[in-house]
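Both of the next two complexes hold chain A, though its partner changes from chain B to chain C.
Up next is the complex of A and B:
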């Protein structure tokens, strides 16, 4: 038994010894780079992580940095202490220090406890943050913890793959051009850290260069795969992102949209193709119709919102010009979409639902960029019909909520029996009295519209639209509030072609969050729903061309972003750059993010005809071969020894020619042999040529290695020329004799 | 019977495969002092990390498909084609390498022998490793992180504690350069073998080295010039001014033959025969160890010796005629190493 134990012990010892041989070591520089790389990877996904996890992660990263730093210190202290000892011993010690993984100080028990605790916390919080987010939390947590146990190369590989996975999952949340480029940059850095493991000698920038070259060589095949590799439908249901909703909300209080307009984030883009973009004041992008008013806020009427509209093309007068366009919405994590009412959506697209109130919405929550095609008939009227319930709903207001406004409404009703004249009177009142349009309206007590209309008289679009709609309802006109966006920034060229008068436009309209707007609709018998924008009475510029200078300045004051739009727009070249990047981002969104299976099929059909799997296979094989050829060529190209590009001097030419002459005799000068040595060899083998050749060689040597003035050089050149000719002559005569 | 066959089959197959792989390898990569690495002799295969990388790429693809996320799909395609690019780079990193190595190395048991592989490169190569392919040798992996254009030496250590001639098999030169996804490897047969001499064991060599009788002159000399020890008298030469008087041949001078001085030549060959039988101990290995020690010592002292190795029965006797020098030592030690 004892014998057995001893044997076992021996075995253990042996195994640890063999393990030590393959022990993983990370260079100091590499360890720091890995740490940096981890920080960057986490930073990419940081927005999706809860604050508490971010705190834990930063503590862990700081701890790691501390350990790394400490390790270095210890190594240097040891080095000083053992300076008197044998050099070899010292080196060993140092190496041991460096070879130690930088986190040996953390015991595995502590790590396990930490990991388990973290998992428990994440599991508890899972309900709060959602499944996907908690999975991401777990991923990031394990990614940071893994770095504490880099014991062998496998751990390093695992850490690397985890890092890549963190990058990939960051792409679930954001796919625009900026974040894609950031991800690509981080991918390069990650790969460079991996590469450094195999070539620790070279500098980090060389690694970056090598990785960029590698990726560049892989791009072709990747793009071809992207274009032709069949798109599959999801294998199983995955938890969706539960990010905060952005953009408009389905309940609106007077102060709401002013807050939204501080943001200069993109809401959506519209592409009108070759058609002319309608004038700014026509671009009322309808998002939601709010019909219910409880005295404080406007909400959607659940019934009308639910009703699907079956709008046939024939219900719209065919004489009205149609305008078709494509809208690409940014992820808003909501369902409403945008349209220029009245519009018909593409019949094939079943993910876009049209509603009774001329709004459209998406079938699913919009978590990534989505495109849809619409055809609008801008000058066509909205529906004439108004059901009884609808009429009642659009006339309702809580009695006595704003008594002064109600009184004004009754007065107006009496003075202006004509519905449109009554509306006009309200607008005139707004226009003539001292109302102001501002992003910073004074706070209203209990959202009182009375207070706004009679006391503060300063507000943003919702204030005016709410007050107007309220007055209309109080005076007996069915009215409702519509929210959406107004206008947009055109990015591209928009010219009228001289002779034909046709539009040629190349570009798109970008609509940002600060374009958010609210307006009213009143129902007039025989004319249907009419759009009335009270904002036009107070700030006509907002309606006709966009924000006034004053508003922009206000925004730049309120905006917390680094570069406010106002500043950007004021600097011409920055603005051009911004617009160009926006155009690029649009193309990216359109062709890469929005590259659907249908588009794939279309592209395939256009280029290669009918889709067949053998064609796909053939294309993939061909592109593989082409990539291989490219790689082979580039490897060859980059590894070719660099040749001297300096042209040979005259004397070098002469000497070379003399050498070839001698080579014909069978006496070749090895590259390594010096000129003088070779002269001696010539003397030994061909004494007849020796004198002439040694003269030539001496001149050559002087020209090559002596510092001569230009006149001396010219002189010597002449001498050498003569010597060269003499030599050639001698060789020729010698040949002649021999023959 | 059936079960027996069932159990036998795998071993039969494995030996069959081993045999054929070895045959195939030796046909494809024949023994040579020099090898040029190219597509004929480089094997390239994904490492374990490479396989997990592939699994990872598939995982990213599934992620992208499930979320219908084109950017993640694009990332997975990029990573997949990177796999292919790395394969080519990995291969080209190892190819065009020229390796040269001598087949034979010799040394004492328990001493570390170095098999030197001379690597000549035309371009820069990275992460070149070499190791004996034979796993039972437990040889360490020798590494050059960066091979610039020119020639480099890789020394693969080998250590054995048993004497004899050991064939070491192939050397695998490999690299995981680029990203560790692929291992490109060449199994080169330099015909490496090691001659391991018996480990020297100390024995008082005076009693064996000076076994031949001393002649008169040197005997005399031993008495007079004790410091010169083993030096032997060689000749008389006419005295030259400045020579030590201690060397004067007084005998001749007294006889009136003139002033001569004695000249000695160090290590004038003394005929010594080392034989296995005369060694103490009854274990052959111990005797060989003593012989090994003596051969080394005598060569160090530049003394001449011969070697007689005979089996106990006396059937076959190996005799090496007396000589001096390193080559002679090698011959003798080799004889010891190969003694049966």
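Up next is the complex of A and C:
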């Protein structure tokens, strides 16, 4: 048991005057609840913490659990009033509690040493993990350590507040719907534990109910603050923690994307609004173009990556059908964005940069959900121009790295002089030979494409795209590897309205990490860059509608998850549920997380018109003041003791009014003073009023306390009324004289 | 209607006797009119009286005067630490002639029992009074004997910090309707008293003048006691009494809790206490020749009726006097609104 006795003891020693001393303590059950609450809070942020700190924290938590367990026999002592007889006894007991070896109080020296050591370690590691992460480390470390020195109420409050901080800092890293809900749930539990401490009699679930009620009541304020509170940019740089970097990498080896495809995490979402969603096979989400090949891996060409395209509109034939859509990216801690090439980004948006190779990227690392507007011209060709350097870069391959493929390329070059026919021939070869598409490609020695193409003949998209691009380059056609995502899952309704064939779609496209894909582009004179996806030759279903059954099965086998994607997609209601949640999550991302400063000002503009910033400020201040006033008023109203409203009788009313008059005069009746005693007071202070007032008082006493018949009462009432008026008159004339 | 008028008539009819009684008492206990009124009220309300003060303050004199002026059969018993229960209630003795057990009645079979220095006797002896006080009956050798009516116990005691005293058990304390303490007389009263004393010793050296001063006969006392019970008590006064006892209970249960709004460290008042308070207040109204109770009556008797029931430790307040502003009784009184008693 944790005993908050230090203060209590102090009091006993200090003042013998104090008759009762409160020993503040935690019930055993509460202590365990607190511990559990701590564990949960830490668990929320655990992914952001380094392994070594997690180890320290779990050791500390286990230690505390051990101490709690050992304190089982020490019965809890609630708040005790100490009488004279009891005091000595209790004093002894307090001392005994202190002397017992097992309390969660660890000696303060040990604790200090531990804390200092921990801080030193955190400081040393700060360079590695970054300033924010080390601050979070410090927070969590102190949160766990604080539980060892719960001596009085103040310590408990501190611990509780630290817990709230831990929860809040978890939100820095993840803001999606799931983690927000988890944080909310934990907030409720934390608050319920706080409540439990003060009313241990009621059950924990009652507390949870109460807390939920209270939170529901505070929703209005939260909404107002959400809309009104200025969006400050964070003062810190969100660092790249281990869990951070997700999605595609800018260096790709064969076999890389297959690993990514095991993840069913969300990559981004696309909202086409009312327009029809293009067919699956058109949804080639372009992320990066990899032009440099060193024989093992593909990397970006730094020159092209740096080139910003100032005006994209000129280079795209805008006569074809435009398709505009909004993309909301999940935090990937990288900078590339997704587009259906060729596309023009929203002109206003300065944070989205377009590049020469039709990719777009963000100005800053994407640390939280970001959305941007794009307009694509799907059927428009990519650029016709190819500079000399680009041509050379896209033809380069290390000579002799894959001799067999080079030989094949030469042969093809001889057989098919037409560029497109040559590419077709390679696809045909892939299609006819026994190539297979699998998530578990056999390991290649030294990433040899030769080995893949002629021996194993099993691979994922990168294998095919790499081999194809290599053959193209070796046969003299400029070619490059493009990575990105293919397809996406449509979530929503998609109807054709009537006979006009107009689309009405309500929903969005979710693109998951397992949709990651790689394909090739070859340059054909007069046609520009043409997209060629060698995967279509080996697994056409992947291109046309998504993963095949066999792939899904493979994935579920690889992941060994309880609810793998394969199972999810097979069970209809679970799948619906998943889709529903996804839709909800999208709305959350779009409206809550996506509510940036720009949206905020937009909202204000819409409400209050342009340029009237002072008006906005005024209205905001007023509404804040009003809401605070309402809250304060209602708090006061609910906390006011409920008084029975018994209607006052006539004589009571008169007497009260007479008292008010006297009070204005400067003589107030103490509540505990009797009516008769008060007349004497009046006599002493205001002899002029005394006679009238004592008559009034006597009548009051009789009406109030004597047993009277109705006729007597009526008579006396009349008398008292007269007396009351006399008294009022007297007071007024007296006032008049005085003035 | 006739009933109401008859009560006020009876009250007024008794007024002469009451005044005479008070005058007689005040002439014996000089300068203590309040104490005399309270003592009389206690007897009229059929309650037992405990008089506590330092030795030589006139406790026994007051007790004697009360018993004597009422014209009741009384006997004084000096309590000592070797006093046995049988010495009070009596015992059966074997009569050789009749060859039967014969009851030898103790002093308790008087109408007024003067238990002098009650707290010098052992608790065992003190508790012998218990049954007698509550039930007006005693049991000797398994046979229950009714006590004469009216029956009063007037006890005196020394403050507890004095040598050789046992504290009265709380149960017994609660059975005394009032506890009075006389306090030192003022200068004039003491001077008068000293002068009187010299006169009196000159006139009647024996000091046995009590029997001459019978003012209220036994019959008249019974009538008065009956009238007191008929005094009207309005709802407001009942509320006031309830509020007073409730405050003491709330203060008691909230002791030690943080949210305590009452800083009174007292024992709770029992329902018997509120009953006693009501009775005493009625008697006070009667003495004031009213046929209805005012909150003033409740306040007048509150200290005497409740202070000894509120004190957690006997002799908590050593320098006690009936006008102690800081007493527990006053603290309780001050936390109740007279006009709207239940709105606290």
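To be clear about the criterion, the second predicted complex is superposed on the first by the 526 of 739 C-alpha atoms of A that agree within 3 Å, B and C clash if a C-alpha of one lies under 4 Å from a C-alpha of the other, contacts with A are read in each partner's own complex, and residues count from 1 in each chain.
Simple rule for what comes next: a contact is a pair of C-beta atoms (placed from the backbone, for glycine too) under 8 Å apart; a residue touches a chain by one contact, two chains touch by 3 or more.
These numbers were taken from a predicted model, which means no experiment stands behind them.
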Touched partner set for A:631, first chain B, second chain C, both or neither: first
Comparison of chain B and chain C by chain A residues contacted: B
Partner chain in contact with A:200 - chain B first, chain C second, else both or neither: first
First (chain B), second (chain C), both or neither touched by A:161: first
Contacts of A:431 with chain B and chain C, given as first, second, both or neither: neither
First, second, both or neither for A:172, with chain B first and chain C second: first
Touching partner for A:673 - first (chain B), second (chain C), both, neither: second
Contacts of A:652 with chain B and chain C, given as first, second, both or neither: second
Partner chain(s) touched by A:259 [first = chain B, second = chain C, both, neither]: neither
Shared chain A surface residues [contacts with chain B and with chain C]: none
Chain A to chain C touching residues, read off their complex: 19-20, 22, 79-84, 643-644, 652, 655-656, 670-677, 701-702, 704-707, 709
Sites on chain B touched by chain A in the complex: 48-49, 52-53, 56, 59-60, 62-82, 84-86, 88-89, 92, 122-124, 126-127, 140, 145-146, 149, 176-180
Chain A-facing residues of chain C, complex: 1, 4, 232, 234, 236-237, 255-258, 265, 291-296, 299, 312-313, 333-339, 342-343
Residues of chain A touching chain B in the complex: 21, 153-154, 157, 161, 164-165, 167-169, 171-172, 175, 180, 183, 187, 191, 194-195, 197-202, 214-215, 217-223, 225-226, 229, 231-236, 238, 368, 592-595, 624, 627-628, 631-632, 635, 639, 641
